[in-house]
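Two complexes come next, and they have one chain in common, chain A, joined by chain B in the first and chain C in the second.
== the complex of A and B ==
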């Protein structure tokens, strides 16, 4: 397709503009998308030199000297460049394309999904170049390499594969590049989707790459020798390969004192067990093995359940469904209605459900313990994955009692242990990783 | 599975999900179970066993004195048969998982061979080893019927007394079922049962009955029970009485160390050499003791205490019961599989007890 054909095709859009300029000595034609290009750049790099140029050859020299300006061959297709905010400059005999893209949302946003109390407060922006800038600024080291990729057949979303060449594992890097090559989707919009596209199996459950909005987490992981993918249009970055522990660690752990952060980590693991196992344990203990309780407690549980006509697992399923619906609703609602939903759902519904004899008061405590413990998990994707994990366990508990819960937990452990990412084991602790923030113990050196 | 069409797979999943609505046979919700909190075993009038169960009735609000329970009794030829018969008297399934106290009636414990009678307890999987055994006087059902006004839950006051979560009386000699069973089968260490005497609205648990050969043999009064508690169990609390110039004082003991050795010389009397060390503080006194000679007070206390130990030990020896476990110690230290037990049975009636008591006074409670 020749340049003329391309221009004819693009002219159907009203934001595509072709202007002829004449300075009295010679003429040029500028073609660009007004919505994509920064007029100031065009004026400075194309229009202003043209005004001063004596003849076409002088102007040609000026263009060759300008930043990010390329001469196009006669048979080259300018379409991809035009779509990304380049200006096509046409003479009678030659064409140049000049980069004049307008930056999108390049303001760093406030960290909202991964808060820290005393860490850095800003997250990445929605512009990938700004994000790369943030990364470089915090990691001014020559071995930091950023490879550019355009992902998605139509969207051609700009992405950077960022890694520390000295520290990262070449095998992991090779695999990651291969995965990016193989992406077949038309549009790539978010890093979560990118993770799905990069993973081969369709039945994914636990996240195997960390999605983070925190520049400090990215820097920390780069220094650990991991690779980071920055994607245009999303304030999140993808960090790979990850181990299970990464999802349970908050950046605050590194900013707190030793004893405090270790206690918090232990607390998080306990919360993790609670959120996975508590509903199943309730069913198993209440319906199969009430002798586990103290007698005093068993009687009070029996008393509180006395008004509930349904078997325990129905009760659990009702309550868990309500709480999941509540969480989902408050996620999707605008934040100013969200708090109303929580109040209505949490307070009124919980109290009323117990009064109406639909659920026991112990069940209300369990439901809220499960929901609160779930929010303790610092990385959002993991917290979603764990929300699912309790249902198979409730199923097993209602059929096989405590033995079912134990075997379910065992099966879950087997599944997670079996997971791999980038050929590395997933369910391991942080043993053997270099101590880059004075935080994780080092075993390798 | 892999080569089934897609809709067949989906159907399978839906069927499996619906199957979840059905539950297994072991599935019985906590509110569909009757918790048996106490069980009483008596001799029946017509048949050998009379079993009574105290069933807790749970209620959402539990306040002191609010405990609700139901007592049912039946007679039968065996415990298993009777319990099965009783199932038709109630609307829910019995759950023995929380039966914490088994009470044997006094005539039952004295006349029936407990080694066979209690077999049911040992075999049932839901009966806990940490349940307590006790003897009820005059019979077990009377104990079951007592309803202390402070009770929040049925049976709670007996449980609190025996687990020492509540009262910490030196007169209560709790006996776990697992320990009772072990002692019942072991040669050289005999089981015992605390004796519960029901009063108007409360219990008096201050005596102990020692069992030998599967039957209750000897009952000790409350004074001896306190000493028994120190000898047969590792109780750390006690009260000692002493005299100073004709005026009495008492010390409360909070630490007791005890060790003994069996001496069997080739010639002469076999004996048990026992050393006991007690530490405590003065609790009540008619005279000011702080400036007195403490060593003298200690010697006086030790002499008194020694008398009491020897008295109880001899009482146990004369009844030919051995709850302290001298026989087991003898078998362990002089091991002859074929003859050890016969030897000990010859030695025990002749054994002399030499008790050496040392009392350490830690303080007088007040300075002057």
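== the complex of A and C ==
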């Protein structure tokens, strides 16, 4: 397609502009999207030199000296450039394309989904170049390489593959590049989608890459030798390959004293066990083995269930469904209505359900313990994955009792251990990751 | 590397000192049971150490690869098939017994067949996972449960009703010649090392430090498995129980614990251990049997193949059928037969390994010299 054809095609859009400029000595034509380009840059780099230029050849020299300005061949297609905010400058016989893209939302945002108390407070921005800047600023090391990619057949979303060349595993890097090559989607919007596009299996449960909005987590992982993908239009970065521990660690762990952070980590694992196993244990104990508890406690459980007419697994499913619906609703609702949802939900899940004899009061405590423990998981994608994990266990518990719960936990452990991530193990007791922040110890054998 | 060796040693030790071995030993406690244990510590450790030494000649190689180098397929395939079935049976025995135990002590309302389906299904799925994952999950299960096992043992030894006199009575019956069945039962707990004949593939070099721990830990666990039931249930009383250890654990209580009866804690741990043990043995069994099949069958489609599933399903189905038709009395009889076959074949297998290691060693020497 020749340049003229392209321009004819683009002229259908009202924000595409072709202006002829004339300074009395010669003429040029500027074609660009007004919505994509920064007028100030066009004025400074194209219009101003044009005004002062004596003749066409002098202007050409000026353009050649300008930053990010390329001479186009006659048969080159300027379309991709134009779509990314370049200005096409046309003479009678030659064309140049000059980068004048307007930065999108390039202010670093406040960290909202991964809070720390005393760590850095700003997250990434929605502009990928700013994000790369933030990364480089915090990781001023010459081995840091950023490779540019355009992902998505239509969206051509700008992305950077960032890694520390000295530390990262060449095999992992090769695999990551191959995965990016194979992406077939039309549009790439967010890093979560990118993760889905990069992994081969469709049946994914646990996240195998960390999605983070924190620059400090990104540079920590770069120093560990991991690969980071920054994507334009989202304040999140993708870190690969991840291991299970990454999802249970908050950045605060590195900013706290040793004993405090270790205790917090242990607490998180206990919370993880509670959120996975508690509903199933309730079903198994109440329906199969109430004799496990000491007599007084077994009686008080039975007493609180006295008004409930149906088996424990129905009770559990009602309450779990309500709490999941409440979480999902408060996530999607506009914040004005959101408070109504929590109030109404709190009332129902709190006293009313128990007074009506729908559920026992112990079940309410269990439901809230499960929900609260779930929120302890620092990385959002993992906490979503763990929300699912309790349902198979409830099913096993209602069919086989405690034996089913223990078997289910065993199967879950084996499932997670069996996962592989870039050909590396995902979950081990001792992973032997290098220590870069004094946080993870290396384990040699 | 060392730690994985001991995980497999421990899992076999812990599983077998609970199920049949104490029952067989205790049923003949006056006819050489004690002597069998003393001899077993010696024989079992000797076999373990010899095998480990022999296997260190073949770094990173599993049994199928080693056999291929030394014998034609006409001999190799029957050996592999036999060993694969032996491994499969080892797991099946545990799973059948454990479904009976779970039914009797944990959920009497559920039928044992139904529990057997649950365990068979999970082990069938689990044993087709990657071996490396199974090795790691062994580490997780063992390290998480070992403290609880230690706690239960501490509770058992320190409980008020533990009768040391009963244990002392047993010393009168030490010097009696044990039967072959007794000896083969008593050596079974030491057999954990044998899993390395396949899992050696996943380790670059089999170098086990602290091998002196094998006889010491082995003797400690084996004698505990006999002494505690005798001390708690009495010299004659101990013969009245079918599942000696579960009944022994049921004598313990945790006065201030959330769970009052220790037996539940004990059962939870042992469900985990049993599933793990069955997963390991079936995984090895499946791989050994698959090695016998001709290459053209093992076509891999998009990184996955249905063959392990088929073999696992066959093993699980046979186990389920055996679990339904067998009763307790028939079970212990066939286990005794199986244990004797196992002991004989274990000795032959270790000798075979020694022979192959010696040959390999000589080849190496002639290459260098």
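In the analysis below, the second predicted complex is superposed on the first by the 435 of 445 C-alpha atoms of A that agree within 3 Å, B and C clash if a C-alpha of one lies under 4 Å from a C-alpha of the other, contacts with A are read in each partner's own complex, and residues count from 1 in each chain.
In this section, a contact is a pair of C-beta atoms (placed from the backbone, for glycine too) under 8 Å apart; a residue touches a chain by one contact, two chains touch by 3 or more.
All values derive from a computational prediction rather than experimental measurement.
J.: For A:428, select first, second, both or neither according to whether it touches chain B, chain C, the two together, or no partner.
T.: Once the two structures are laid over each other on A, A:428 reaches chain C alone.
J.: Does chain B (first) or chain C (second) touch A:342, or do both, or does neither?
T.: neither
J.: What is the contact status of A:418 with respect to chain B (first) and chain C (second): first, second, both, or neither?
T.: second
J.: Determine, under the contact definition given at the top, whether A:290 touches first (chain B), second (chain C), both, or neither.
T.: first
J.: Go through the superposed model and pick first if A:299 touches only chain B, second if only chain C, both, or neither.
T.: first
J.: Looking at A:399, would you say it contacts chain B, chain C, both, or neither? Reply first, second, both or neither.
T.: It touches chain B and chain C both.
J.: I'd like to know which partner A:410 touches here: chain B for first, chain C for second, both or neither.
T.: In the superposition, A:410 touches chain C alone.
J.: Name the contact category of A:307: first (chain B only), second (chain C only), both, or neither.
T.: It touches chain B, and chain C stays clear.
J.: Hey, what residues of chain A end up touching chain B and chain C alike?
T.: Residues 288-289, 291, 399-401, which sit in both footprints.
J.: Mind pulling up the chain A residues that touch chain B in the complex?
T.: 286-291, 295-296, 298-308, 311-313, 361, 395, 398-401
J.: Under the touch definition given earlier, write down the residues of chain C that touch chain A in their complex.
T.: Those in contact with chain A are residues 1-3, 102, 106-107, 109-110, 114-115, 118-119, 122, 125-126, 129-130, 132-134, 136-137, 139-141, 143, 258-261, 264, 267-268, 271-272, 275-276, 279.
J.: Would you pull the chain A residues touching chain C in the complex into a rising list?
T.: 288-289, 291-294, 396, 399-404, 406-407, 409-411, 413-414, 417-418, 420, 425, 427-430, 445
J.: Can you check the complex and tell me which residues of chain B touch chain A?
T.: 20, 23-24, 26-31, 33, 35, 37, 56, 58-62, 95, 97-98, 100, 126, 128, 152-153, 155-156, 159
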